[in-house]
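What follows is subunit A paired twice: with subunit B in the first complex and subunit C in the second.
Coming up: the complex of A and B.
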């Protein structure tokens, strides 16, 4: 059978499951007792195993199976959640990720899973002999006193008690109906003691694909299995004999009084969590190929262009009735445009959610105690930005952990909380999205930066403190004395800055020595439709993104002065370097002595761009220029104006 | 003759020469459009044009093939080169001819974008290798 058509789906879902696993295991480290979390992890691992198995990737299935064994120990309280085990689980996830990415890249490289398999096995084995660990097979159910009594009586009468775990196939349409059939079948052969989720929830379809039922019956295990499997749309059924219930009953009876209260509390928490989950599920969504969205965007863009054209015609011919209709069309296209833009937006959570894991690993490696806080992960950004912003953020967070936060002893000496705080925040500010990375670490040492600057031949005389701090974004500028695995090679910050600039954003640093530092990244919410200023240089029309423009002034050619062989203008008492757009683009400037200077701000830099004339402001749709022209750094793309002509959009960040 | 090596070629005029492009690459033939110049672009790129809402690069085929400029081109032939539509400026499009592999005479020319020459008795046609045109 040809599996290739399912491959994409497999890859996507696997990555999603891996991400969930990463998050949940991280959560588990913090709350080792959280049974819901363990179950969630188990489910994700199980799904991964099932999918890999059905796609024929036996290595992945095998590894996840081993992982499941370990998780099962957690579930049955046979194994304590420790940092070491978590680390091994994480390594396991990394291995899985590598294997899956190999599949994606079509590479035949074989990832060695033996070592990690052995490690997992050793966890399973070592804890097996551990007799101290209590056995509780009925965790999921929290059998109450009454239930236990029934179970006890059943055993006394020679009946057997089974726990039946049923999994429905994925696209089962009438889940509750199937579940009900299972329920009925089991009821016909014995007495049902308990079900999880409760029968009411099952009836209302408040469950995933799995549910469990405890049944008292005199039938054999295989018989029950066969009966349940006879119902269609059942993927898997697992019947377990509950044997140790007798011992447990005694244990439970001893603890009864104190545990009753605990159980009630636990159940309460569980219920509230389940409610949460339910509300989340109502958020329905559809997976859409990004290419289709791009096409959709293009079509909307085209519609906007033609609307403008029609408006021109209606104005030229003074067609009133056409004008009225066009106004309606205009409103609809604006709504459509908003909508398609929102459709392309994704919560930044997608990028953020891999950082807790990274910070944890780094902190452990560096022996630092770090609390990592994420806020505003629901802030939405254009997909293109989401795809690109991860890498610079990795650099910044690594820096914060490695250079920012001091070692524990040093923090204690300084009278700081031994636990360092790294905070990642995202929020919307006007039409910009802001991402902040704050740490309460050491901050920047100005003197150190100055020294480094001097050694690189940069004169820091007369520079403001802020300017000096911004030197760190220069290439080859690292004040770290030693190069570590994590950071300090001096390649980081300039890459960060370039990347952010290429997304049309800016980065600033605020820092107080000894108290910490903050990096503030400002990004445009969307990259596809922007407000732009249309200018004329020579005979060509060009568009400049309004996001960069500070103000536009007009100057006489005589006002452009030379200093240090560079052209500058004086504006409100400050000297602004200017760039002749015509020179940069090898165009012929018009002879007119009255010019316009478009003052742009790229990060901290302010530069004036000299153009011949202005055409005004317009909303434009950025389109890519195609592979042949991609190497031209001068443009971010091109757009089609109302008259159908193609106009280039200059990349301000690359020109100044 | 094996059917698989049968292919059709789209004959185009360029100056005084005739060229052919495999029809599987040809997406359409357009009249000359208004082209926006792209400053700093390679010499053989005439600029960008709006093809029904999509922006495509227009290649000055004569410049690309080191031919002399003779007269204003009349047509743009849209070809799919490496999954991207680009426009090639040609004087005009002549006809579609059938080509089989054995008709193509390999030439000693080292330029990779010429697949070979076809002799049709009355005239000869240079067969271009579309995929290689922009590989430089």
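Coming up: the complex of A and C.
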């Protein structure tokens, strides 16, 4: 069978299961007695095993199988959940992830699983050794007096006694269950007197490929044969009528005992099955290739562009009939946009999920005691943002754990709770999603930042404390005295900022020395279609995302003042620095002395952008600039207006 | 054309089974990701055969077998099990499952089991 067609699905579901495993095992460490969790973990490992086996990835199947053995011990209370075992299980997950990602990347690198397999085996062995499966030789049937009695009675009542010999096919798996199926089938047409090996031995798989059952029935030989053969994986069945039952030898166990044991076994199964019941909810969904969604989004974008063009034409020619229809079309396209936007949204949970494990590992490595809190993981963001935001968050959380939270002794000395808190929060704020990382650690040392700034030749005179703190986002800026594996190499914060800016977002830092720091990331909910203000600078039309705009005011050129060699305006008692768009974008400003100031807010910063005139508000579709124009940092992209004009969209975050 | 209801929590597994069955002339009555949905679909679609995974969220395969058997004592259900689930397969058989197949699936085994339960 060609399996390649299933590969994508296999990979996706495997990652999902690995993620669940990571979370649940983390949870198990906290609540070692939680049976539901153990069962959930077992189930995920089991699913993984099944899928890997089907795909022919025998290494993965083997490893998950070993994991199951360990988990089974938890389930049966044969093994205590210790952090040692948890660490080995985590190592397993890492190995599995590596194997799966190798498959994804088409890499032929073979991950060595021997060591981890041995570790797992040692856990299993530590408590009790593997059950030894004794294969009993099949002796001849031995009926005791009691059995013989039953047989005799059966004859008297006109029933027949058959000896059914069954042989399973060679590669039959789950032989016991297979034999049990035969047993059950025969039981449905009569009464079973005896089996060889005994039913308990059959249940414990203490037999090879053959077994025999003596059954009392009123059915014909052929009927019984047919019924057994209707079970799959049966190689041969032989049904013999027993006539001479006298010269049989006694055996210790009688049938009563067997049924008692059988009952007990059934009880056991029931109990373990009860635990199986699971509480996790699954919701109905369809998996769609992200490429198709991108295409969908793009098409809706095109539709919006052409709708605006049509509107313009209808306006120019004053076509009332057309106008009405267009309004209708307008409403539908808006709905369509909303819909496709929502389809592309995913809960940020997907990204947050991996952090508890990361924080745990880091805290252990650094010998710190940290409580990690996640809130608002259900907040939804565009798929593209979700895919990209993980990396910067990893950086920030690592920083918080490594530099933010102090070592336990230091915290005690300062009179703080020895357990540090790192909190990751997401929520929606207007058309922005906000992600916050708060820690109650040491906070930023302003003097240290100033010193560092001086050594880099940055003048901090006249800068607000807040601006100084934001210097940490500059390239090569690290105030950490020592470079560790985890963070502090000074590459990072600038990369974090650049990444977030490329997603149309902003990052700010708020910190109080000694008390902790907070990083606040604001991201647009969606990337492709935005409301924008169209402005004119000289003869050029530009678009500014409405998301950044606080207000627009009218000023005379005389009202623009100079302080510290920088242009500012006074507005309602506050001083707002201004940026002349014409200067920054190398355009020619008009001579008009009446100007407009578009006041934009980027995080905590407020800046006025000076433009010549306003053109109106419009929904625009952001089109990327393509490779050749990628170096233009001042623009986020371009759009096509109703009249077919291509207009550049200003990257506000890059300008202020 | 006999109709088969496929029950498994992994979409991947459902897809595989579906491919095997459709290629061999079976009709798919429906797919369910858990026992609860399986029981519901059994009622509405009345399939000829059900392939039933054991470990599933919401309601596991064994409970689903019991409930389906309660609705239709003649229901033909084939358990889909993995190695190491012997005890659960037996429980399912006790509850009325007609046969079982073991993952990783071999198409010929799947087809054999289905053909046999259909008689």
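Keep this in mind: the second predicted complex is superposed on the first by the 385 of 656 C-alpha atoms of A that agree within 3 Å, B and C clash if a C-alpha of one lies under 4 Å from a C-alpha of the other, contacts with A are read in each partner's own complex, and residues count from 1 in each chain.
FYI, a residue touches a chain if its C-beta (ideal position, glycine included) is under 8 Å from a C-beta of that chain, and two chains touch if they have at least 3 such contacts.
Here the structure is a predicted model, which means the values were calculated and not measured.
Trainee: Would you sort A:53 into first (subunit B), second (subunit C), both or neither based on which partner it touches?
Mentor: In the superposition, A:53 touches subunit C alone.
Trainee: For A:184, is the partner it touches subunit B (first), subunit C (second), both, or none of the two (neither)?
Mentor: So A:184 only meets subunit C here.
Trainee: Touching A:90, do we find subunit B (first), subunit C (second), both, or neither?
Mentor: neither
Trainee: Per the contact definition in the header, classify A:74: touching subunit B only (first), subunit C only (second), both, or neither.
Mentor: The answer is neither, since A:74 touches no partner chain.
Trainee: On the A-aligned overlay, A:444 touches which partner chain: subunit B = first, subunit C = second, or both, or neither?
Mentor: Touch partners of A:444: none, neither subunit B nor subunit C.
Trainee: Quick one: is A:65 in contact with subunit B, with subunit C, with both, or with neither? Answer first, second, both or neither.
Mentor: second
Trainee: More subunit A residues touched by subunit B or by subunit C?
Mentor: Partner with more touched residues of subunit A: C.
Trainee: In the overlaid three-chain picture, which partner chain does A:162 touch, first (subunit B) or second (subunit C), both, or neither?
Mentor: Touch status of A:162: no partner.
Trainee: Going by the contact rule set out at the top, does A:287 touch subunit B (first), subunit C (second), both, or neither?
Mentor: The answer is second: A:287 touches subunit C but not subunit B.
Trainee: Please name which positions on subunit A make contact with subunit C in the complex.
Mentor: Per the touch definition, subunit A meets subunit C at residues 1, 6, 9-10, 13, 42-43, 46-47, 49-51, 53-56, 61, 65, 68, 72, 173-174, 176-178, 180-181, 184, 203, 205, 229-233, 265-266, 268-270, 272-273, 276-278, 280-282, 287.
Trainee: Could you please specify the touching residues of subunit C with respect to subunit A in the complex?
Mentor: Interface residues on the subunit C side: 9-13, 15-16, 33-34, 55, 57-60, 62-63, 81-91, 93-94, 99-105, 107, 109, 112-113, 116-117, 119.
Trainee: For subunit B, which residues are in contact with subunit A within the complex?
Mentor: 34-42, 45, 47-50, 53-57, 59, 82, 84, 86, 134
Trainee: For the complex, give me every residue of subunit A touching subunit B.
Mentor: 298-299, 301-302, 305, 540, 585-587, 623-629, 632, 634-635, 638, 640, 644-648
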